[in-house]
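Single-structure report; data block below.
Read from first to last, the chains carry the letters A, B, C and D; within each, the first residue is number 1.
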Amino acid sequence: MKKVLIAGAAGAMGQKAVALVNGMDDVELTAVLAPHMADDQRAKFQLGPDVKIYHSLDEIPEGAADIWVDFTIPAVVYDNVKFAIDHGFAPVVGTTGLTDDQEDELIKTSAARHQGGLIAPNFGMSAVLLMKFAKEAAQYFPDVEIIEMHHADKKDAPSGTALSTAKLIDQVRPAHESSPDEVSTLDNVRGGDYHGIKIHSVRLPGYVAHEQVLFGGAGEALTIRQDSFDRQSFMSGVKVALEKVLDLGELVFGLENIL
Amino acid sequence: MKKVLIAGAAGAMGQKAVALVNGMDDVELTAVLAPHMADDQRAKFQLGPDVKIYHSLDEIPEGAADIWVDFTIPAVVYDNVKFAIDHGFAPVVGTTGLTDDQEDELIKTSAARHQGGLIAPNFGMSAVLLMKFAKEAAQYFPDVEIIEMHHADKKDAPSGTALSTAKLIDQVRPAHESSPDEVSTLDNVRGGDYHGIKIHSVRLPGYVAHEQVLFGGAGEALTIRQDSFDRQSFMSGVKVALEKVLDLGELVFGLENIL
Amino acid sequence: MKKVLIAGAAGAMGQKAVALVNGMDDVELTAVLAPHMADDQRAKFQLGPDVKIYHSLDEIPEGAADIWVDFTIPAVVYDNVKFAIDHGFAPVVGTTGLTDDQEDELIKTSAARHQGGLIAPNFGMSAVLLMKFAKEAAQYFPDVEIIEMHHADKKDAPSGTALSTAKLIDQVRPAHESSPDEVSTLDNVRGGDYHGIKIHSVRLPGYVAHEQVLFGGAGEALTIRQDSFDRQSFMSGVKVALEKVLDLGELVFGLENIL
Amino acid sequence: MKKVLIAGAAGAMGQKAVALVNGMDDVELTAVLAPHMADDQRAKFQLGPDVKIYHSLDEIPEGAADIWVDFTIPAVVYDNVKFAIDHGFAPVVGTTGLTDDQEDELIKTSAARHQGGLIAPNFGMSAVLLMKFAKEAAQYFPDVEIIEMHHADKKDAPSGTALSTAKLIDQVRPAHESSPDEVSTLDNVRGGDYHGIKIHSVRLPGYVAHEQVLFGGAGEALTIRQDSFDRQSFMSGVKVALEKVLDLGELVFGLENIL
């Protein structure tokens, strides 16, 4: 039975993680890190009587858990993950806010200590598989465009997942010359361009979070699409991470790299 | 039995029109206008022994047909359609190349003579219905974006049908304020903009000619999509035109306006 | 300013209707029918100080409103709608449970009294427009199949909207011979059959409520799709009904018939 | 430079293969097997002056090529492939008609001789990748349904690719209990059932050959779709086979297994 500590257990995502762990057979919630949680709030936060409630890093003893699930906030995530690696917890991190330098340093430290772990900007399995498959398909179909569709309230474009997908495709697809002689009679109609990969962002009310990757070849097309209707979807990826993180030898970036 | 003359009967589209008319019950091919067609080529061009073959406008007598189907070339289309209207033929015109001024003049002349007819830039029923439905839906869903997808050899963007769709929507949708505070971290990713309607053009090998209109509202979405796999599709619209053109009182622009 | 009474104002849908009316410019909430609502619960139920709260039909005076919005329960809907018609309220009914006989009788009564009204099994504008467009397209594309996709918890199939769509198509499409010599090597793989229209029902977790109507013709295809992500979507149709119901001369069945 | 012999070089697929090989940099067409091809037909069949034309197996010397591409007919495919394996050619076989017993025997023989090769029922890369990705995704999304759509002239259902996809998914997905209490109010509407995986077959004019695999999970969905518009699409997979077949140690079944 793997023991799990959840940092940020009182938050929305943290509570989903508590429910997930409580419902799994081969992992057990042994502790939470939650600065403002009182002992009489166990029922409210779905905690059994034996779960330890810690309010700060210095209260947490070695061996309190095998896995450190982190859904906290940008301001503390670096300290948390560093603490986890230094004290033998395998971090599973959904919190954003680490800089590239911090990530590099944490990966290096984890490798030196042979401490496995996972940092994932997106735990939604449909998005993660879309990225993985898109990278693989691009080796055979170098002609590819991306369309992402989000609710009208999302003010930035493109989505992080769409840009990540383009970057993954760019790593593998064969050298590719796009039509240099295209003519647009309406400005910008051919979309954004990431190293020759066109990205189109749609913003409409009603929509939630959706992405399509379109590949075309002689006489055929391949399309991979994912729809996220609800943040509940993140928990499928956390489940996979809980099952696999203890087999890793260092901190890995991206859930798609441990599938 | 309605009598039909086909101008441009030797061309690719003209030959499809010949096959269409030959296969219909209530119309009859009585004549063709084909400058270079010889009398011994009837079998090659699917013409029965009684079909008159004319080589120029001045050979064509009044009453040679009720309907004048025109799949010729831009250089002659104006003279042809004017001739048809002046001599009591109801024109069904798929040839491009008329200027806006020429169209206006022909419509005026046809109205004065109570001579019905149809000019259609697109006879594909799926595209025509898409435009019609999009215009209707926009009254209830003012939030709309258009995605068109064509083969990589199409060098211009957006497609004519996509732009026509945006213009039709623009005529009817309620005044609409788009998000003024959108931020694009990749230039052009939000696509082209026609009066606030975003248009996205995809170009990929394998694809043929496809268009989607996406509507979003609170908690729901409506999508209308058409796929043209083959120019054969144009004939479904010509058939509808043949059935309805004799009931019109003047020259009409756009098949969607007689459905 | 049109005056509105909402029957069932304390329920989930009723509350959405209250919010809708409160947010509209040209209609005004003047009364609710809510058997168990106390006067001190106005804030909880979004009611202003001047809104009358009635607990039974016999308390409601003539002229309490122009329009009667009904989101109640099957057990009372017939009595409510009959009362509305008899007392000069234009009913807008989203409650299910009326029998065919009851509907026929109410329509007859309303016609005799020149009392407009609307009964709609589905107020989602995307579903209503899908049905309307599908009926229209089937006149030109007699070859059509329907695919509906719902969450795995929906135990019945096909969905009511899919079946209604098939019935509407069946009313108009030309006589149509399906392939009599099809062979299925896996039982049932060609789906359900309503008068020659194939219907396919998909049930998967994550999905909400979606329907596609697929039309095919020579060289082309037309697809109409609607997605309902949230019951909030019903209110767009209620809004249309509130705008149009006072112009009707009798009780109409189906929102698509007043668009 | 790898040397290629094409058996069935005069047929439609064989000619596409000739064009493919002629257009590749690192392979060279050295011979064809074509029983009825005359030496003065080289231009017609796209053959250079140095390509050997053989009319029967017994004319073909060892070393005539490294790779044996076979697009022939069921009646001869077994003899051809056996000959290829016995004489040191790596077969790339698109011809159908081998029995399961014949395949097993050929695989066994090839393994004994360490002779690589590939037999593929489908060389369309989009279909092959769809199957590969579907198998992989099913490990994370056990809830899955398949929809395939083909032209109305296809008389059998489901398609071979859809059934192959279901079989691949069935090999890997976790034990899965479908809703036992579903109720269909229209017979067969839930489609065909292969070991709990629902398959839906759509047949419409205009469509060519298309397949979708729909996965659903808590709050999300993943869809993989492929469209084959033209048999030209097969050549992308033949190209991959030509690049990889000489690295294989035995005869492999299914292009997806060498990607």
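Here is the rule we go by: contacts are C-beta pairs under 8 Å (C-beta built on N, C-alpha and C of every residue); 3 or more make two chains touch, one makes a residue touch a chain.
The shown structure was predicted, so the numbers you read here are calculated from the model rather than taken from an experiment.
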item: Contact-graph separation of chain A and chain D, given in steps at minimum; value: 1
item: Rotation angle (°) superposing Cα atoms of chain B on chain C, nearest 5; value: 180
item: Chain copies touching (chain A, chain B) - same or different residues, decided at half shared; value: same
item: Centroid comparison with chain B (C-alpha atoms), farthest chain; value: A
item: Chain centre separation (chain B, chain C; CA means) in Å; value: 36
item: Interchain centroid distance [CA atoms averaged], chain B/chain D, Å; value: 40
item: Rounded Å distance between chain A and chain B, as computed from the means of their C-alpha atoms; value: 48
item: For chain C, residues contacting two or more additional chains; value: 206, 215, 217-221, 227, 229, 233
item: Touch list for chain C against partner chain B, complex; value: 124-127, 129-130, 133, 136-137, 140-141, 215, 217-233, 235-236, 240, 259
item: Chain C partner contacts - residues on chain D that touch it in the complex; value: 143-145, 147, 149, 152, 155-158, 163, 179, 181-194, 198-207, 214-221
item: Touching residues on chain A, where the partner in the complex is chain C; value: 206, 208, 227, 229, 233
